[in-house]
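Please find the structures below.
Shared between the two complexes below is chain A, which pairs with chain B and chain C, respectively.
And then the complex of A and B:
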C-alpha cells in the first residue's frame, strides 16, 4: 500500500515531453536567439557586429517614436477587441441557443472564411469600401451621394479589416461558453419572476464571461501582433508596432533593432496573457479549440 | 437499419469512444501508423517524381517585380527558353530586393535564389559588397555585344574583374496623373511640385518602398541636385509635406496601377512602364518626367551558388534581340540593347525614357557611391517620416 502511494507516476511527464520539446525548440530557443541578437550592433545595412551593448534597448526606451507606436498598437487592439466582443456576442448567442437542426452548418459558415487566404480576405475590403467599391457604387446608384465617400486607407478601414479577420475567434469562444451553460437556468430565472433581459443579464451573461474574456484575449493579442492589415488597408499614419519590426528587419536590414522590437512586442503581449491568466485562467482557451 | 450520421456526430462518437476506452491504444496507434505510412509513401513517390523532374533539366529560380513585368518575362523569355533547352525557370515575385536579402541572410544560403531582376546600380553594389556576386563568363553570353556600353559601364565600374549581372532594361520614375482631374498645363507648370499640390489632398499617392525615391523627389522639390544633396532636413521637410497630402503609399507596381485605375488617387510618382500599361488599358493617365527626374536601370543579377552554365545560357537567351524586344514591348520598359546596333520596333521607340542614341546621356541616374553612403541613416529617417515622424 505504501509502495503504491510513493510510486512515481511517469505518465504525465511522458505525455508532456513532446509538447515541452516542441515549445523549447520552436519558441524558447528562437526567442533566446532574438534576445541575444538584440545586443548585437548593426554597422551597415545587412551587416551586424557581434557585441554585447545596450544601444538598441536605449533607443527603444528613450525614443518617443517607439512609445507612440506602442500606444497606438494598444489603443487599436483595445478598440478592435471591444468592437469584436460587441459584434461577436450576438451571433454566438444565436448559434448557441438556436433549435435549428443543422447547427453544424452555422459553425461551418463561421469557419468558412478561414478557407480563403488572409491576404485575399483583407484585399477584398478595397472592393467594398473603395471609391469604386460596392458601398459607394450603391450609394451613388441610389442617388444618396454624388461623390464617393472616403472609407479606405484610414484607421477605420484598418479596424474593419482586423475585426473581419479576428471576429470568428471571438464568436467561437463565446459560443463554447454559452453552449456549456445549463439550458434550464434561464427558464428557471424566468419562473422566479425575471424578465427575459434580467434573466440574460443576471444568469447567461455572467456565465458566458469566461468565453468572452478568452475571445477578447485572443483578439487583443492577434491584433497587437498584426502588420499586414495596416499595410494593405491603412494610410500613412495607420501602423502598428509590427510594422516597425518589418521596417527594421526588411527595409532597414537592421536585425539587432528588429530583434529588440520583436522581443518587446513579445513581452508586451505576453504580459497581457499573464494578466489574463492571473484573473481568468487559461483553461477557457483550450475549450474553444477542443 | 443504418443510422445516418453527420460529421459532427461521427466525431463526437469517436471522441466518446476514445474517452470511454472503447478504442484501445493498440488500435489507435495502429491507425496512426497507417496514416503515417500512407503519408510516407506519398511523400516518397512525390520525392522520386521531383528527382525525376529535376533530372530532366536544370532548375533556375528567378525573382522579379510581378504584374505585367513578370507576365512579359514569362511569356516572351522563360516559356520559349524552357521549350528550347528543357531547363526550368521557377519565377516568383518580390516587393523589393531587401526582401530577398532578408531571406537569404536568414537562411544563411542562396538556395532557391538564382537570378534577380535587380533594380539599379546601388543594389548591384550591395549584392556584390555582401559577397553574393559571381563572375559571369561573358564568352558564354555573346548577345552582350549588343548591349549599350553606357548601361554596362556603371556595373563594370563596381566590379571591374567581371560582371555579376547583365543590364536588361531601363526606365524612369516620373509623375502619373489622371487627366480627368489634372490638366497637362498644370502638371507641366508644377513639375515635381505637383505631388505637393494642396488642392489634391487625399488624392495623392507615393511609393513607400524606397527611401531613395522619396528623397530624390524631396531634393527636386527643395531645389537641390539629387545626386549632390547638401540639406537633408529640407529633403525630409518636403517628404513630410507630401505625406500630409497622401492617401496611400503604394508598395508594388500592381498596387500603383490599382490605385490609379480605381481613381483612389489622381497623382503619384510612378514607374513609366506601369503607366504605359494603364494607358494601353484605356485609363486616362498621363505621364511626365520632371526636369532631373529619376532614371534607373535594371539588371538580371546572378547570385552566388547558382548553376552558372544554365544561368549564362538563360541570360544569353534573354538578350537575343527577338526575346529582348518582345519583353520590352510586353513590360513597357526599353531594352538595354543598343538601338544603333539592333533596330527597335515603333512600339519600343515610343516607350517613355527610350533613348535612340544608345548613350543614355539625357537620363539622370543615381550616383551609387553617394546614395549607398547615406542609406543606413536616411532609410531609417524615411521610415519615421512616412509614419508621421
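And then the complex of A and C:
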C-alpha cells in the first residue's frame, strides 16, 4: 500500500496531454511566430527583412490612427454587448419560463441561424436597411418619406449586424443560467409579499447574473475580434481593429505590422478575459456549452 | 390567524378536472391535513389557497373575505415548499427577513424578529450562513422560520417533510406540530404519508381523484373509513362483503363469510346506513393469527399462511381463508409463522367497521 501512495500518479498528466499538445501546436507556437514576426522589418510590398527592431511597435504606440481604432473597437464592443444583453434577456427568460411542451423547438429556432452562412446572414441586412431595402420600401409606400432614409454603411448598421450574429450566444448563456434556478423561488418570494417585479429583481435577476456575465464576455470578445461585419455593413470609416489587421496583411502586404496588430488584439481581448474571470469566474461558459 | 373556506371550488387544467366541486373548511387555528395519493388534487387546493393557481370556479374565503382576486403578495400567507425554496444567494438572516421588508418592518425590528424566529425553530446563531451550508433538516427549519416570521394568516405546508430521511422526518413532524401549536396559526398540510397525517393533524381531509372522500379527526378517519379507498389508503385493510342480519338498539349483527355472525357497535356502522348488504373493513393490524385454538367466545376461523413479509418487529402475513386471501400485520412473538402454517385467525369486532355495499 505504501508504494502506491508515494508513487506518482501519471493519469492526470496523460489525460491532459492531448489538450496540451493541441494548444501548443495550434496556439502557442503560431502565436510565437506572430510575436517574432512583429519584430521583422517590412522593406517593400511583401518583402520583409529578418530583424529585431521595435519599429512596428513604435508605430502602433505613437500613431493616433491605431489608438482611435482601439478606442472605437472597445466602444462598439461595449455598446453591442450591452444591447445584446438587454435584447437577449427577454427571449432567454421566455424560453426558460414557458410552459410550452416543446421547449427544444424554441432552442432549435435559436440555433437555426447558424445553419445559414454568417456572410449571407450579414448581407441580408442590405436588403432590409438599404436604400432600396424593405424598411425604406415600406416607409415610401406608406408615404411617410419621399427620400430613402440612409441606414446602411454606417456605425448603426455595423452594430445591427454584430448584434444579429452574436445574440444567440447571449441568449443561450442567460437561458442556461435561468434554467438552473429553482422554479419555486419566485413563487416563494411572491408569497412572502413581493410583487412580480420585485420577485424578479430580488431573486431571478441576481441568480441569472453568472449567465449574463458569461454571455457578455463572449459577445464582447467576439465583437472585438470581428472584421467581416464592418467590411460588409460599414462605411469607409467604420472599421474595427480586426479590419486594420486585414488591411495590413491582405492589402498592404505588410506582414510584420499585421503581426504586431494581431498580437496587440490578442493581448487586449486576453486581458479582458483575465480581468473578467477574476471577478466572475468562467465556469458558466462551460455550462453553456456542456 | 383566520379560518379558510373553499366554496364549490373546482380546478380544471384543459380537459382534466384536477379538483371537482368541493366545499372545504379549515377551522381557525387548526392543523388540517390534505391526504391522498399523488394527482388527487391536494396540492392544487393548496396552490389555489396560496394564489399560485386560480380556481376555475368557486370562492376562496380567508377570514370571511373572498380572496379569489387578491394577488399572491397581498394574501399574507406562509408557504413552506417541499424543496424549501430558500434563496441561495441570500444569507439565512436575509432569507428569513425577506418577507419583513415588504411589511415596513424597520431593520432593527427585523433583526430581532429573525432572532426570535430562529429561536422558535431551535436553530439560533446561523444568521450569517448561506442555505447551502446547512443540512436538509436545518434548511427545513429555516423555511419554516421564513414562513412564520411574517405572522401569516394561514400557514401552508406542501409536503415539507418528504425530502428528509426517515428518522429526521419523524423528529421534524413532532417539532413542526409543536411549532404550529405554539404560534396557533391556521395550518394546511399536504401529504401523501398517512402516518404523518395521523400523527400531526387535528383534522384529515382524504382526497382521491379530485374529490374529497372523507373529512374527520384522525381516529374517526382511521376507525370509520367512509369508503373502501379511505380504508385502504390509511393502512392495509381487508374488505369483505357481508350481509346485515339484524339491527339492535346500538349494535348491528353481520354475517361474515367463514367467521360467522359478528356484532359491531353502532358507532362502527355509521357508514352502513340502512343498507342490507355491507362491506366489513378489517385492518390488517387488527387481524390476529394464533397457532393454538382460538380463545373461547372469540370470532375466528382457520386459515393457511401463504406468504410472509418479514419486517423485523412486525410481519405481514398473507393468509388464505377459503377462496379469499387476507392480510394480517402482527407483532412477532418469538418466531414468525412459517409459510404453509395452519393458523387460527381471530378478529375483534370492536376493531372492525362496516360500510354500505351499494352494489
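Some observations on this one:
Criterion: the second predicted complex is superposed on the first by the 281 of 290 C-alpha atoms of A that agree within 3 Å, B and C clash if a C-alpha of one lies under 4 Å from a C-alpha of the other, contacts with A are read in each partner's own complex, and residues count from 1 in each chain.
Definition applied: a residue touches a chain if its C-beta (ideal position, glycine included) is under 8 Å from a C-beta of that chain, and two chains touch if they have at least 3 such contacts.
The structure displayed is predicted, hence computed values, not measured ones.
Once the two complexes are overlaid through chain A, chain B and chain C fit side by side, free of any clash as defined at the top of the document. Legend: residue contacts after superposition of the two complexes on their common chain; A:245 is shown touching neither chain B nor chain C. In the overlay built on the shared chain, the residue A:96 is in contact with neither chain B nor chain C. In the superposed pair of complexes, A:158 makes contact with neither chain B nor chain C.
Contacts of A:187 after superposition on the shared chain: chain C is touched, whereas chain B is not. After overlaying the two complexes on the shared chain, residue contacts for A:176 are found with neither chain B nor chain C.
Our angle of interest has its tip at the CA centre of chain A and reaches the CA centres of chain B and chain C; in the overlay it is 140°, to the nearest 10.
Chain A is touched at more residues by one of its partners, and among chain B and chain C that partner is B.
When both complexes are overlaid on chain A, the residue A:214 reaches neither chain B nor chain C.
Per the superposed model, the minimal spacing between any CA atom of chain B and any CA atom of chain C is 22 Å.
Residues 182, 184-185, 187-195, 198-199, 202-203, 206-207 of chain A touch chain C in their complex.
By the touch criterion stated above, chain C contacts chain A in their complex at residues 50-52, 71-79, 81, 83, 85, 87-89, 98-99, 102-103, 146, 150, 156.
Chain B makes touch with chain A in their complex at residues 6-8, 96, 98-99, 101-102, 105, 126, 130, 202, 208-209, 211, 243, 246-249, 251, 258, 262-264, 375-376, 379-380, 383-384, 386-389. The touching residues of chain A, when paired with chain B in their complex, are 42, 44-47, 65, 68-69, 102, 104, 126, 130-132, 150, 152-153, 231, 235-237, 239, 243-244, 247, 249-255.
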